[in-house]
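What follows is a set of structures for review.
Same chain, two partners: chain A is paired with chain B first, then with chain C.
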Partner chain A sequence: MDLQLLKKQEHQRRVRKGFMWALFCAILWGLWYIPGTVVWVLNPFDEMYAEIAATNGDGMSLIITAVLITAFNALTVILALMVWNGVLGKFGEMKRTLKEFNPCSKWFFLASIFGGPMAILGSFIAMGFVGGAFAAVAALMYPVVGSILASKWYGEKISKRAFAGIVFIIFGGITIFGGGLLTEIGAGNVVWIGYIGGLMAAVGWGIEGAIAGKGLDIAEPDVGLTLRFLGENIIWWVIAVPILAILGFPMFKYALMVFEPLTMLVLVFAGITFGFCYVTWYKSFPLIGVGRGQGIGNLYGLFAVVFIALFFGDIPDWTILVGGALCLIGSSIMFSEDTSQLESLRGE
Partner chain B sequence: MVQTEAAMEAYNAYWLNSPLPAADVLWMVVILVIAIVALWQARTFVSQF
Partner chain C sequence: MAGNRPIKFRILELCNKSGGAWNYEVVRQIQKEYNLKGDYQRDSINFDLIELASCSLLRDVEVMVDEEGIYKKGFLLHKYVITDFGKARAENACLMYV
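Right, the complex of A and B next:
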């Protein structure tokens, strides 16, 4: 068989797999909003919220409770990733990558700062102050940040088609933010911190993707992502939670009360969805590039709205539907791009 | 600690309007099925590339 033909077939197979991983990411990310929403009403988090709100107000209480939920989410993600790496036989590789801090691990620890305290916490804030459907679609702007950074930093190619997809996503994001804001201004109830949370998610995940793309030049995605969550656990459990406890918030009191079957079950499912969605996200980057991986991963907004409608029976506002549809069109434009354009992901 | 009556009420209220049967259990089943398919695909991917 012709060598060029074999090369082309292999390339097409890699691109197909890349899009498949990005699609897995979108589905699992959308599903995460189910446990990510219901965990708020369960003990001990509802009681923690009530206790802090009584002394520090609703806004502060929501952020502090979100920190504890996010910390537990990071913990259950690590458990899910241990299963993932165990099944794939990657523990040896994990040890090797961890030892190589300067060339490899530093990128993943850096990614954990933007993906954890910034993006995930922001998403929880948006979810708590505005709602699950809003939080799901508010962060849809993140591929814009990710692809611009990847292009400027290490010359990842952005085609005209990919750029068109990004423009659709920008308009989708504006519709989501602007429409929701107008509705709330009309009702005299503007929850600014919810919108700031949405912005934190968009910028945080975009920066994380670009940094991860750099780290994945020399490391394996399954292992790299596990190290990224190791970093996030350190940030929450060694830095954030103890600092908040020192400041007088009842962090450890409620952390020790979390071992209740239903709460643990919901947290474990949050860990499975989030861990697996993240690892498939990272797996797509070396195959189709950060911009496209994030663009297709962006379909999570649509999946979240669908899953929330299916399991909660919530009918989303029309602005969220229109914005989500625009983002979906943008992602589809990227998805349908000619694969020969992707033969080299970086500029010459 | 156990869930309070108010917490269980709030939790159960989420599934009341769902058009799906047994939505309070079904969401976990859906997650498990998709997670297992993803893991199986990852195993296949490791052997292919």
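Right, the complex of A and C next:
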């Protein structure tokens, strides 16, 4: 058997696996929008929103409620990840990695700061002060930040072709949310803080990916990701929620009211989809690189619209066809790239 | 001996010798040191090697087909050596003496 041929096949399998993980990430991320949307109208979050809105206004209320929802999301994600790591028998490795603060866990805790408070909160600020479509479009920009950082910082190779694929997918996403975006910005009463939120989302997730890529060099993806969510849980439950409670917001009152069957079910569904979307995201990075992993992950915009249409019956605008086509072109450009370029992801 | 540092650290150490180390040697050594039994753990350690190579911390210097089933019959065996980038990255983590 030809050795070079076998080597090429083995290498193609690796790249295929990387793209497959990234695609699963996009599907799960899109699925997450179902619980992520539903949870807002469930008790106790809808009551909480109404109570805070009455005194502090709608925008502020949205952000404070988002903190509690995100905190519960992080909590259910880490539960899902604990089960996952338990099944894979990785608790031992988790302990070993956690202890290595400087080379390993430092990066994952840093990733949690950028991915958690910065990106997620930024996304909610964009949603609260501009609108949902704007928040979605702003977040789509994160692979540009991620791939540029990974390339400048640790020399990750990103070919022109892969970058072209990322750009196509971004334009696809913008087209999908385009109508809503124009309506929101055209409404006229946009507050600048909403744009800052959008920027926080794009930059936050981009930086998270680049930092995670750095930590994943010498750590297990499943383990690294769990540490990243450990960090996020500490940020929300030990820092943010108590501080907001001290400032007088009814955080704990509503946190304790969350134990209703339907609310719990939706939160668990959110935890599973979000948790595994992140698992697949982190698993793709060492195989195809941060830039490509994030670029394909960006297909979540298309999947989110499709799933929301299927589950809620919201018929999307015709622009989804154009946007979806652009996304498909972008993904094909990346999938069909000659994989010998990807033998090693970094230039030496 | 039970390993007490992350597996990828130990893999980099094992590949940090002149001429490199074959993947099946590294996998067996890690399985022994970390007390990881079974095919699933074996494949999972080999996947760590693949990830390290893909991130350019290791590179393969020799490849041969596993005719006799030393590791997995019909698959490729790789001999990996740590790269300069791998050494630099591992310097503050596990290869203190480099």
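Quick note on the criterion: the second predicted complex is superposed on the first by the 283 of 348 C-alpha atoms of A that agree within 3 Å, B and C clash if a C-alpha of one lies under 4 Å from a C-alpha of the other, contacts with A are read in each partner's own complex, and residues count from 1 in each chain.
Note that in this section a residue touches a chain if its C-beta (ideal position, glycine included) is under 8 Å from a C-beta of that chain, and two chains touch if they have at least 3 such contacts.
Here the structure is a predicted model, which means the values were calculated and not measured.
Undergrad: A:247 contacts which: chain B (first), chain C (second), both, neither?
TA: It touches nothing on chain B or chain C.
Undergrad: More residues of chain A are touched by which chain, chain B or chain C?
TA: When the residues of chain A touched by each partner are counted, B comes out ahead.
Undergrad: Thinking of the overlay built on chain A, is A:102 touched by chain B (first), by chain C (second), by both, or by neither?
TA: So A:102 only meets chain C here.
Undergrad: Given the touch rule stated above, what does A:3 touch, chain B (first), chain C (second), both, or neither?
TA: After superposing on A, A:3 lies in contact with chain C but is clear of chain B.
Undergrad: Applying the document's definition of touch, where does A:20 land relative to chain B and chain C: first, second, both, or neither?
TA: It touches chain B, and chain C stays clear.
Undergrad: Is A:218 touching the first partner chain B, the second partner chain C, both, or neither of them?
TA: The answer is second: A:218 touches chain C but not chain B.
Undergrad: Mind working out whether A:42 is in touch with chain B, chain C, both or neither, as first, second, both or neither?
TA: After superposition on chain A, A:42 lies in contact with chain B alone.
Undergrad: Now for A:84: first (chain B), second (chain C), both, or neither, which partner does it touch?
TA: So A:84 only meets chain B here.
Undergrad: Kindly list the residues of chain A that each of chain B and chain C touches, one partner per complex.
TA: In chain A, positions 14, 88-89 sit in both the chain B and chain C interfaces.
Undergrad: Could you pull out which chain B residues touch chain A in their complex?
TA: 1-4, 6-7, 10-11, 14-20, 23, 26-28, 30-32, 34-35, 38-39, 41-43, 45-46, 48-49
Undergrad: List the residues on chain A that touch chain C in their complex, please.
TA: Result: residues 1, 3, 6-7, 10, 14, 88-89, 92-93, 96-97, 100, 102-104, 216-221, 286-287, 344-346, 348 of chain A touch chain C.
Undergrad: So in the complex, the part of chain A that touches chain B is made up of which residues?
TA: Contact set of chain A toward chain B: 13-14, 17, 20, 24, 27-28, 31, 34-35, 37-38, 41-44, 46-47, 83-84, 87-89, 222, 257, 260, 262-263, 265, 269, 272-273, 276, 279-280, 283, 307, 310-314.
Undergrad: How about chain C: which of its residues touch chain A in the complex?
TA: Within the complex, chain C touches chain A at residues 3-9, 12, 34, 36, 40-41, 44, 48, 50-57, 59, 63-65, 75-76, 83-85, 89-90, 92-94.
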